[in-house]
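So, here come the structures, one by one.
Common to both upcoming complexes is subunit A, partnered first by subunit B, then by subunit C.
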Partner chain A sequence: MAQFESVQTRKSLLTGDEAVAHAVRQSNVDLVAAYPITPQTIIVERIADFAASGAFTGQFVPVESEHSAMSACIGGALAGARAFTATASQGLALMHEMLYAASGLRLPISMAIANRALNSPLNIHNDHTDVMGSIDSGWIQLFAENAEEAYDRVIQSFRIAEAVNLPVAVNLDGFTLTHSTEPVEMLSDEAVRGFVGRPPKRDSLMDEAPKSFGLMSLPDSYQFFKEDQSRATTGSGVTISQVEGEYAKLSGRDHGPLKIFGSGSKVMMVMLGSYAGTARTTARQMKNGGEQVGVISLGWLRPFPERQFLDALEGVETLMIMDRSVSYGAPAGPLASDVMSLLYRYGIKRKVIAVTYGLGGRGFLEEDAMKLFRYAEKSGPSFESFFFYGGE
Partner chain B sequence: MSIKAYESDTRPDWCPGCGDFGVLAAVKDALAALNIPPHNVVISSGIGCSSNFPGFIKTYGFHGLHGRPIPVAIGIKDANPNLTVLVTAGDGDEYGIGFNHMIHAARRNDDIKVIVMNNEIYGLTTGQLSPTSRLKQVTKTSPSGSIIYPLNPLAALIGDGATFVARGFSGQPKHLSMLIQEAIKHRGFALVDVLSPCVTWYDIYDEVRKLMYKLEDKGHNPTDFYAAMKAAKEEEKLPLGIFYRDETKPSFQEMLKEQIGDGRWASKSVTPLNSETLRELEYEFS
Partner chain C sequence: MNKYNYKHKMPRPERWLMLYEIRIHGRGGQGAVSAGRLLGEAASGAGFYVQSFPEFGAERSGAPVTAYARLADEPIETRSPVNRPDFILIIDPYLAVNAKSVMGLKEEGMVISNSDRSPESVRNSLGVKAAQKVASVNATKIAVEAIGRNNPNTPILGAWAAVSRVIPVSLIIEAVKKSFPGNMGEANAEAVRRGAAEVIAN
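Presenting the complex of A and B:
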């Protein structure tokens, strides 16, 4: 029997978008400001429905753009509210300058990103180019592998954000997760409300002593603010783990900074998001056939779980790092670049194969995972170590 | 010019009965009537059902970002003022996320023609609140009825210095074609707001047919600012036609030409290729 307080749970069939909307409904959120964009739209619609039926007691504001959505969340958070928004792709790009305002002001705002490709050409399907364009905007970036994990991470995001005074984004793959129906074991409303509580009191526009926020900081001070912010983000892992641990006691589910399958295998595929499941299923089959392959699925990207990642490298010879976005002209994709700089910093040598795949919704099936695992197993020094994989 | 000259190989993916079919027919009709060859027309669009427009007509086209077709159109027109530059987009695009661009294009009197397919709903994302959705309108993002007042784009644009403001109805493509022709002939910025109902998410065909009348039938004087504003604010009935037209203001492009001359390389005509220049080119690149 799992060691957790048995709270009343309800197994429901939900899409990823619906799971996120339920998490928001249950989390004592004061303000949701959002603008519809595929494949996030259903999150907004469900929250609007919950607001209309009285199931969601916060304010829902349908604003005229994503820039306004993030700005309204910033205003709300400054006024002491627990604020949430959701977006995707161009919407996240339009928010871009306000993402930095939210993190620079150290505001606890939560956001779901229904990951989708960026223009041009126009494409509404999944990849990670949207979030990777904003990866350095100072937000904690968490990734879900399935609808239930998206639900869990959104609930946790409020506690994390308010504890470390940083905004938190929960990424879920567009369509693959947002529009697929999966079983989600929801916690009871009371359990979630008890877990998230109310936002702790902080300096806000609602204090009796008037304050101004976001004022000019010149060369004498700006860098120190940024240094503080960087330290807070890097150090937030401890808090994230604490929140995840507390949540695990309620739910029995601890997603953690990364999930390892086939620990210590010669070849490890490093994944972000829902396609990790495909890689894991394939690795399991191959392992049964005696092959030394495994999967590291990252649940946190910012902060990068450095220690946990390095611990996972024991016995590993080759890392095949799978990027669903392109860093044009860079030595590798963004995830691969992260991993390689981490290895170099700690003087750890591993063979790295950086693969770009799944752009604009391009599929990734077990046969693709198997082909790539086999390539990594055989790979010698003359093999290509940075390439695009697009299947047949 | 025959309407066939503008036929695209791509069939529109709009729902059967969508108002946008009427707008497409009217734009083709207007271009044909004015004898503008397809290669001299550029259509810039945003995101939404109506913004797929450039794919369904054989002219140059640019399918850009949500709310941003106007700045792209201005860049095109500035670089090559000889082109006829149209913007085709929806109310979400032009009256919401990109409305600021429209106000500034109107203020500058940029010589572009903005045709907004206004259906008072977000159609492509399946029925959410738009800037022109009405008070109390029930949509997927206003399940209890909207508590946000709708935008009045015509009054806003007339008030902010637009020199040509009209409203048409997709169910009256001949009349709409006339409005678009007048817009294209106008020197400067033109807004043609087109009531183009969404049969799937917010069908207002019957209502428009019941309430509409034509301003030209009532002796409306489009050079009269206050008469135009009054017509734009009319709520009982639905006036169609040219609300406002000011021919006294030169366009931004005309004033630019006055300042810098016609030195822009993109506006220079290309010398047709003859056998001699072809031989020279072959020699140069062989």
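Presenting the complex of A and C:
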């Protein structure tokens, strides 16, 4: 595979994986503990290359499993290190137990998830089954639409995690982002180093006075820890916005909690991840033809950007919510369930069509987006409100 | 959902001032994916917004591989594979007899194929229409002579730049040199030059 390690130049052609590796190289990271898995592999390979060449000056620990990767990051973070790992699919499933430890200990750890389907049947391709299985593990969950956004969000993740004492995951779609080559305008090493700084001092295993972490909590206190953690996650949006705003001053790029195209359109397709671009390309063409369709692309899923999402519903009649994972036996897919409970909580009524699509790498073309938009536009009082869409 | 058969004709107003969509066919190991990336790198030097990606999961040595590239004058957001290419680049000569290789080619599109045969012969075996253009170049021979191994991707890129005139050949050479440092860069640059010089269009 051709190499474009244009570390010196500012505008580079990079895959999503390479963009993430560069973000880590630039962000004063002390510890990377990771185990390679498709389609995240290139992130780990590049960081290993950077470690070998001296471009990455932190510790690179090639661990024997993802469970160990997260455990090592937890140990490192408890010792005051800025820690990063990357994984996907089965790897995320294997580290599941430790995800809760990281968030419960309120540790600022960053992770990239190269979203991929889960066994069985075996499938290496993209969907959101992996992250949705861990969505309630107490991590902040951000989503990138393209390689540049993945790069930006990984850099921001360190600042966010350290400000709110919560771990942050940046999701990028396997293959569609990890293995596609796109222009990425990297910031200079100095600019990124200045932006991320050094992690603020916190209680640490390295402190002179001995301390214990992760002790047992009985029924008299456990719920209070969890309530506190829940408040911190819900309230973290303010900090995320501040960090994004500061980063925007540096880069001119502000991704925000969600991107709206065709504000106030009758039909809005709610998307997570890279296929938002396909939906938007289609919506733009249909709008030019006089159709009232738009796209809401979520950049944050945890915390759910409640206020910003509700603000985007002005003039909207139908929400078509697109899920790339299944919650078996549930009333709808996980993203649709989130949106519906939000609407109900605030007493807001909209027609909702929950669609499950794109599982295990199943394609989503402009033609598919258009077919779905047309369905949402034309469906009358009786409509199928929850279905699998599999293309032609 | 499939029971709702709405007629969906895609409205296509002149959104893009300029959009070139390219599909590359090769076999795992010949550099089809790298070709897409090199093409993107070169076109990026000409000021295009670019995107390139392989057909995912097919990259096994010897297996047919497809790669895609888009060049446009505005950021590219769609993730759809290229189904209606302006240019089709065939890196493996044995794929140049398979009509599947040219599926979806635009009415005035162009095929650039690795072949020791004439463009007319390639046209006939692929069933390419009269309004569409065909160019052929013996990229395997050039690669073996210039690089010393069968990587016919770089001569095909040279041939494409020469006959399509979308970007200058010099940008392909620049991208190749950046990608392969030292002697390999020089050898591949020579392969690009020869591909551009020896291609025959019809």
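Details
In this section, the second predicted complex is superposed on the first by the 383 of 392 C-alpha atoms of A that agree within 3 Å, B and C clash if a C-alpha of one lies under 4 Å from a C-alpha of the other, contacts with A are read in each partner's own complex, and residues count from 1 in each chain.
The rule is simple: contacts are C-beta pairs under 8 Å (C-beta built on N, C-alpha and C of every residue); 3 or more make two chains touch, one makes a residue touch a chain.
Everything numeric in this text was worked out from a predicted model, so none of it was measured.
Once both complexes are superposed on subunit A, the partners subunit B and subunit C fit side by side without clashing. When both complexes are overlaid on chain A, the residue A:45 reaches subunit B alone and has no touch with subunit C. After overlaying the two complexes on the shared chain, residue contacts for A:122 are found with subunit B alone; subunit C is out of touch. Contacts of A:37 after superposition: subunit B is touched, whereas subunit C is not reached. Judged by the touch definition given at the top, the superposed model places A:13 against subunit C, while subunit B stays out of reach.
Residue by residue along subunit A, subunit B and subunit C are tallied for touches, and C comes out ahead. Touch criterion met: A:90 reaches subunit B, while subunit C stays clear of it.
Residue contacts after overlaying the shared chain place A:64 against subunit B, while subunit C stays out of touching range. Least inter-chain distance for subunit B and subunit C in the combined superposition, rounded to the nearest angstrom, is 8, based on C-alpha atoms.
Note: no residue of subunit A belongs to the subunit B contact set and to the subunit C contact set alike, using the contact criterion stated above. Listed in rising order, the residues of subunit C touching subunit A in the complex are 1-2, 4, 6, 8, 10-13, 15, 33-34, 36-38, 40-41, 44, 49-54, 56-57, 76-81, 83, 178-180. The touching residues of subunit B, when paired with subunit A in their complex, are 47, 63-67, 96-97, 99, 122, 124-126, 128-129, 131, 140-144, 148. Within the complex formed with subunit C, the residues of subunit A that make contact are 1-4, 6, 11, 13, 124-125, 145-146, 175-176, 179-183, 274-275, 277-278, 280-282, 284-286, 288-289, 355, 361, 363-367, 370-372, 374-375, 378, 384, 387-390, 392. Those residues of subunit A lying in contact with subunit B across their complex are 35-38, 41, 44-45, 48-49, 51-53, 60, 62, 64-65, 90, 94, 119, 122.
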